[in-house]
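Heads up: the structure comes next, in structure tokens.
To keep things simple, chains are lettered A, B, C and D as they appear, and every chain counts its residues starting from 1.
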Amino acid sequence: MTLVDATVVAGYTVGDFLLLAAAGFVVLAIGMLYRAVKGPTMQDRVLAVNVLGTNTVVILAILAAALSEPTFLDIALVYALLNFLMAIAISKFTVERGGVL
Amino acid sequence: MIETLGTLGTVRVGLIVAFTLLGLFFSFVSMVGVLRLPDVYSRAHTASQADTLGAGFGLAAVALAVGWEGAGFKSVLLLFFIFVTNPTAAHAISRAAFEEGIVPWTEGDDRR
Amino acid sequence: MTGTSLLAAAAGNLLPTVTPAAPVPAQVTAVEGSLLAFVVLTALATALARDVLAAVIVFGAYSLGMAALYTFYRAPDVALTEAAISAGVTTVLLLLTLAKTTRIDHDVAFESVNVPAVGAVGLLFGGLLLTMGDVPAVGSPDAPVWSNPDVTQWYLSESYAQTGVDNTVMAVLAAFRGFDTFGEAVVVFAGGIAALIVLHREVFA
Amino acid sequence: MWWVADADDAGGPVTNDAGGPVTNDAGPTPRSTVVVPVEPSPTLRATVSHVAEAAADGEFDAIHFVEIASWRDGDPGSDDRSAEARRVLERVSAWAEADLDDADGDTGDDVTVVSALIGADEYLFGPEDYVEVLAEYAGEHGADTVVLDPEYTPVGNTTLLQPLEFALSNTSLSVRTAPVGRPTRPERLRSEATGVRFAAMFGLSLAFYFVLGDPLYWFDWVTGVATATIVSITLSRISFDADPAIPRTPQRLVRGAIYVPVLLYEIVVANLVVARVILDPRLPIDPTLNRVRVIVGSGLPLMTLANSITLTPGTLTVRARDSDLYVHSLLPWAREGLFDGSLERWTRFVYYGRSAARLPTPRERDDHAILQGPDATEELPIAAADGGATGDDAGPEAAADAESGTGDEGVTDA
């Protein structure tokens, strides 16, 4: 048996706990979505999406642990780098109107 | 079932739970900050800091859960990336805001 | 031994080991539900945002959610594609388009909603949703693929003989389901024509 | 902005383009000798053209291109740097000759172009030292004018132009900045391509590839080597400022490893403080923008410091200009911590060792300013001062001088 199957409390395993935590992170992401939609400035939106991206990376990593699929971490890795790229690209775009692209 | 893991395993499970909860807590702080703070600069604080720490704790928990023989090192790599890229992204965003001429909020400003 | 028979043998080995799907635990539905809610909300925000740049940014958030959802359904390849294409390439392409065109400043944050259209779409959606009850559950032994393995076997053993294509998936896609694929090609073609019309061009050049 | 040489009545006869009588309203311009300090920069070529044109128009009869050495002969690597400097000077002279040949008129022919490498016999520290060397050279060669390249940056990435202009104004030399448009986009950050940098980049990217892949599988070797080659060809020139060197780079890594736990501790403690503030229903924040001048050098150390400042809660680096960091602080507590400069000290420790860590704090050096709020000591420079997007209702560009803005009248509100 692996660590993920170990019981934490009341029949819930570490995997269950991690899944619940992932759900928690998603709920936080939904909260953050308000800022992405509301703005008011473009930078606010980019910022919110950047935070959402970091959250998604954590969610992906937690899913990898909870579902015992370590290869999912590769997706998280790709996402972490893309997320950074997106934030830089959009914030550069808002200032230079495509000067960087 | 915890008994079969031995002391080390029990400590590890405890750490996983604690780190996950800490990660959730700091991500929560980050969300509240992003929602409540008055302007893009102060929001960038929580976005870069509380969220980085939250993600850090979350990824530390994942690294513990997956274990080194699994792909824990990828989790550590992720942690490193996040700690390097998050502040840089926050800097880029706030710099873009500054160059667009957004003046930071101060006490008494009615923007909220 | 040809590739086809190898595949058939592999499939034959796999078939009997299928076990009925376990009841879905509550915490799985928690992740699933929250992810779905996130995806639906971002999709709505993307569709309704008046400012195009805002829509592009929120669309980035949407693809984040989709990637997590695909990962959750254990389709890491699709998730990786979603990450690279949707969050990376599409965002850059859309930004490039925006850079080449103009972005209008709007006072209103959201598009106004056409209520009758929403009603019509809702009805259609509801109608389609009704059919979901007849779709077998994921991994269910009652699914036709499992309950009637002869069909699967037939494709695995006959596709090479009938189409001359090594890869069974490819054979199904391009030969047995040829009309379907043809339809997809028509859709892509129509999209290209529409782009030409919008751009006032007559040829792709 | 045409500056006309100081009324030096001993000017020789002046001819203009066609060699005919002078028709310039300003009257005959005395011809003089000009000194142009050079350094590779995006606007160097344009500056040279400008000076050559002015000379061809009869303003100068001799152009001296000088490179002021920021090193001292006998330093390790000084030979390479001198050689590089001489290459730059040769190129600049060639440009000037070509421009003079191209210029119509016959005055271009009798303009002498001289180049020199000066100041390599002593260490130069501030703008004053540069100006001293420059003035000495100008005195020796009878030059009375200095034309500055607007992007002239003798030491690394730090712009010395303004302090340099200021110091030059105290001499008898006449100074002007070449009216050359700065590039709207910064030039590509490119440094020299060397074998060491290429090898370092190659090794790093290959190692990263194998972390994700399988080093025991031959196919991963093929794809990994191919990928690493592409990466190092495209990126080795922008990834390193200097060659990784044997005692220095590992030392930095070790000291960096010491810094990481310190930074983590700082992050956690400060995060808890900020979390309390954010979760407080009253939200007692007092955000201000501040300016700190840091002494860590440019490039990687500056990035490390800026990122460390951003990571420690309550402070956020908004912009880094030269060695000035514009830092947004959420709480007075964080601001005070910033001015105490412990992170700056640690960064110096990581990059330059223990002895360098013991410099005075920004507070002791008085290298800090609050730009907003009731305690503001300096005006808020907003946007666009150096090629960014233009701010809509920006206040006076660039904070005038630190002494004048005392109250909070300097705060611009949007």
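Simple rule for what comes next: a contact is a pair of C-beta atoms (placed from the backbone, for glycine too) under 8 Å apart; a residue touches a chain by one contact, two chains touch by 3 or more.
Everything quoted here is computed from the prediction, not taken from an experiment.
A count of contacting C-beta pairs for B-D and for A-B identifies A-B as the more extensively joined pair. Averaging Cα atoms per chain gives one point for each, and the point farthest from that of chain A is the centre of D. Inter-chain centre distance (chain B to chain C, centres taken as mean C-alpha positions): 31 Å. Per-chain CA centroids place chain A at a distance of 10 Å from chain B. Centroids of chain C and chain D (each the mean of its C-alpha atoms) stand 50 Å apart. Residues of chain D in contact with two or more other chains: 212, 388-389.
Of all residues in chain C, none touches two or more other chains.
Multi-chain contact residues of chain A, defined as those touching 2 or more other chains: 46, 48, 64, 71, 74, 77, 83, 94-95.
Across the complex, chain D meets chain B through its residues 211-212, 267-268, 270-271, 274-275, 278-279, 283, 285-289, 303, 306-307, 310-319, 326, 328, 330, 372-373, 380, 382-384, 388-394, 411-414. Residue ranges of chain A in contact with chain C, taken from their complex: 12, 16, 19-20, 22-23, 26-27, 29-30, 33, 36-39, 42, 45-46, 48-49, 52-53, 56, 59-60, 63-64, 67, 69, 71-72, 74-75, 78-79, 82-83, 85-86, 89-90, 93-94, 97-98, 101. Partner chain B is touched in their complex by these residues of chain A: 1, 3-8, 14, 17-18, 21, 24-25, 28, 31-32, 34-35, 41, 43-44, 46-48, 50-51, 54-55, 57-58, 61-62, 64-66, 70-71, 73-74, 76-77, 80-81, 83-84, 87-88, 91-92, 94-95. On chain B, the positions that touch chain A within their shared complex are 1-2, 4-5, 9, 12-13, 16-17, 20-21, 23-24, 27-28, 30-31, 34-35, 40, 43-44, 47, 51-52, 54-55, 58-59, 61-62, 65-67, 70-71, 74-75, 77-78, 81-82, 85-86, 88-90, 92-97, 99-100, 102.
Those residues of chain B that touch chain D in the complex are listed here as 25-26, 29, 32-33, 36-39, 41-42, 44-46, 48-50, 52-53, 73-74, 77, 83-84, 86-88, 90-91, 94-95, 97-107, 109.
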